[in-house]
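Below you will find the structure I want to go over with you.
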Amino acid sequence: MSAPALERLLLQLEVDQFNAAYAAALDEKRFDDWPGFFLEDGRYTVQARENFDRGLPLALIALESRGMMKDRVYGVTQTIYHRPYYTRHVVGPAQVLAAQDGDPGGLVRAQAHYAVFRTRPGDASEVYNVGRYIDEMERTPDGLRLRSRLCVYDSEMVLNSLIYPI
Amino acid sequence: MSAPALERLLLQLEVDQFNAAYAAALDEKRFDDWPGFFLEDGRYTVQARENFDRGLPLALIALESRGMMKDRVYGVTQTIYHRPYYTRHVVGPAQVLAAQDGDPGGLVRAQAHYAVFRTRPGDASEVYNVGRYIDEMERTPDGLRLRSRLCVYDSEMVLNSLIYPI
Amino acid sequence: MSAPALERLLLQLEVDQFNAAYAAALDEKRFDDWPGFFLEDGRYTVQARENFDRGLPLALIALESRGMMKDRVYGVTQTIYHRPYYTRHVVGPAQVLAAQDGDPGGLVRAQAHYAVFRTRPGDASEVYNVGRYIDEMERTPDGLRLRSRLCVYDSEMVLNSLIYPI
């Protein structure tokens, strides 16, 4: 049993646990924890698949630092008027595409398919937003942190009601 | 590569395989197998998120032993009149939150997000119940068993048609 | 920490990464890559649960070689007239049911629950097809390949619109 194989197993565990913790924070409405999943200058982008596939830059949301994420959280929780809803993320095991070998501080590239379900008070749960996370993660003393999370979603029909982070 | 890291990997494997086996038993309608996923005095609780978040005790279903689960299975399969349906569980990788280290017989705390889809004969599949499992598991000679599974679901719109276990 | 336990961990990793890569290929419309997930004489079958449960042979789609899969891809992408749509697979961690121990070239049996969501241009995403993969995989120099993938789906309501592989 070679050390690289074991490192690969531990990396997969780390990435999947990261995604599970991220999903839990959002679905439990611990929005203040959300920017902490990113590096200080991490990027969070939400983009329609149609634009992504064509290489077009237009994105629904593009935040380029923890500071912008905190502003967004403040807006979502304090100022934007919207009907409340619950979210539920179900995220498949990530595809870990590349890690810079031999460099324990190196970049991790991963991708995971997600489905987010929305439940409005008094309503049934419904499919809300499905797509994939395209991630670049860095190792820090506190564990993996996102240098970039790009959420590429399949449907454009959610635009005006996409309030909480994906 | 330290032994604790390897034990952590194996624990994750065990928890995820447990959840997959649990889902398969329910979706394949092997309901008689269902109580066996719990300890003899294990608890199975299904509670709306609204009550859970507020710390209210009211639960839709609360069973406190395998015996009660067997009764429930008997009711569901033999006596309750209901339109038949299929279920399909898709469960994400569990967040393993804590295991009592150094105690191989110790308690495992885990959480997993699930989506359950329902298919009635002749109908399309639909989102049925989404939420999370909040679990306490114990190691037994036969593998992990639930001391407690609390299913916290996001929507209250399923109440009168929630027949099979979640 | 015994070698069998470590081999089991690596096998699980391999199966889950295989499923993630398979899903990514389909959802990114890299259909030409799809037959490559199978052995040269691999089988791909899509069958309603109702028939599967009763042991009936009738299947919606039954392809018995890579050649037939390539024909199918050609038909789907070049000749069949259909409204375009995106798919999104969310696949849970696989249940690895059996691997022939001590035989590194041996057969791997696995099962995984999947949900496929469909998004038509301008529409919301919707539940499209849910079910399970029942797989037989073989080790090859290029990694795992499917000897057989049987997709057992819960609803028969998708028949005339099931164009892309599941």
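In order of appearance the chains are A, B and C, and numbering begins at 1 in each one.
Keep this in mind: a contact is a pair of C-beta atoms (placed from the backbone, for glycine too) under 8 Å apart; a residue touches a chain by one contact, two chains touch by 3 or more.
Please read all numbers here as calculations on a predicted model, not as lab measurements.
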>> Suppose you list every residue number at the chain A-chain B interface; are over half of them used by both chains (same) or under half (different)?
In response: different
> Between copies chain A and chain C, what's the superposition rotation on C-alpha atoms, in steps of 5 degrees?
Replying inline: 120
> Using the average of all C-alpha atoms in each chain as its centre, how far is it in Å between chain A and chain B?
Replying inline: 26
> Among the residues of chain C, which ones contact at least 2 other chains?
Replying inline: 6, 9, 90-93, 115, 127
> What residues of chain A sit close enough to touch chain B in their complex?
Replying inline: 3, 6-7, 9-10, 13, 16-17, 19-21, 23-24, 27, 86, 88-93, 115, 117, 119, 122-127
> Hey, which residues of chain A end up touching chain C in the complex?
Replying inline: 1, 5-6, 8-9, 12, 49, 90-96, 111-115, 127-132, 154-158
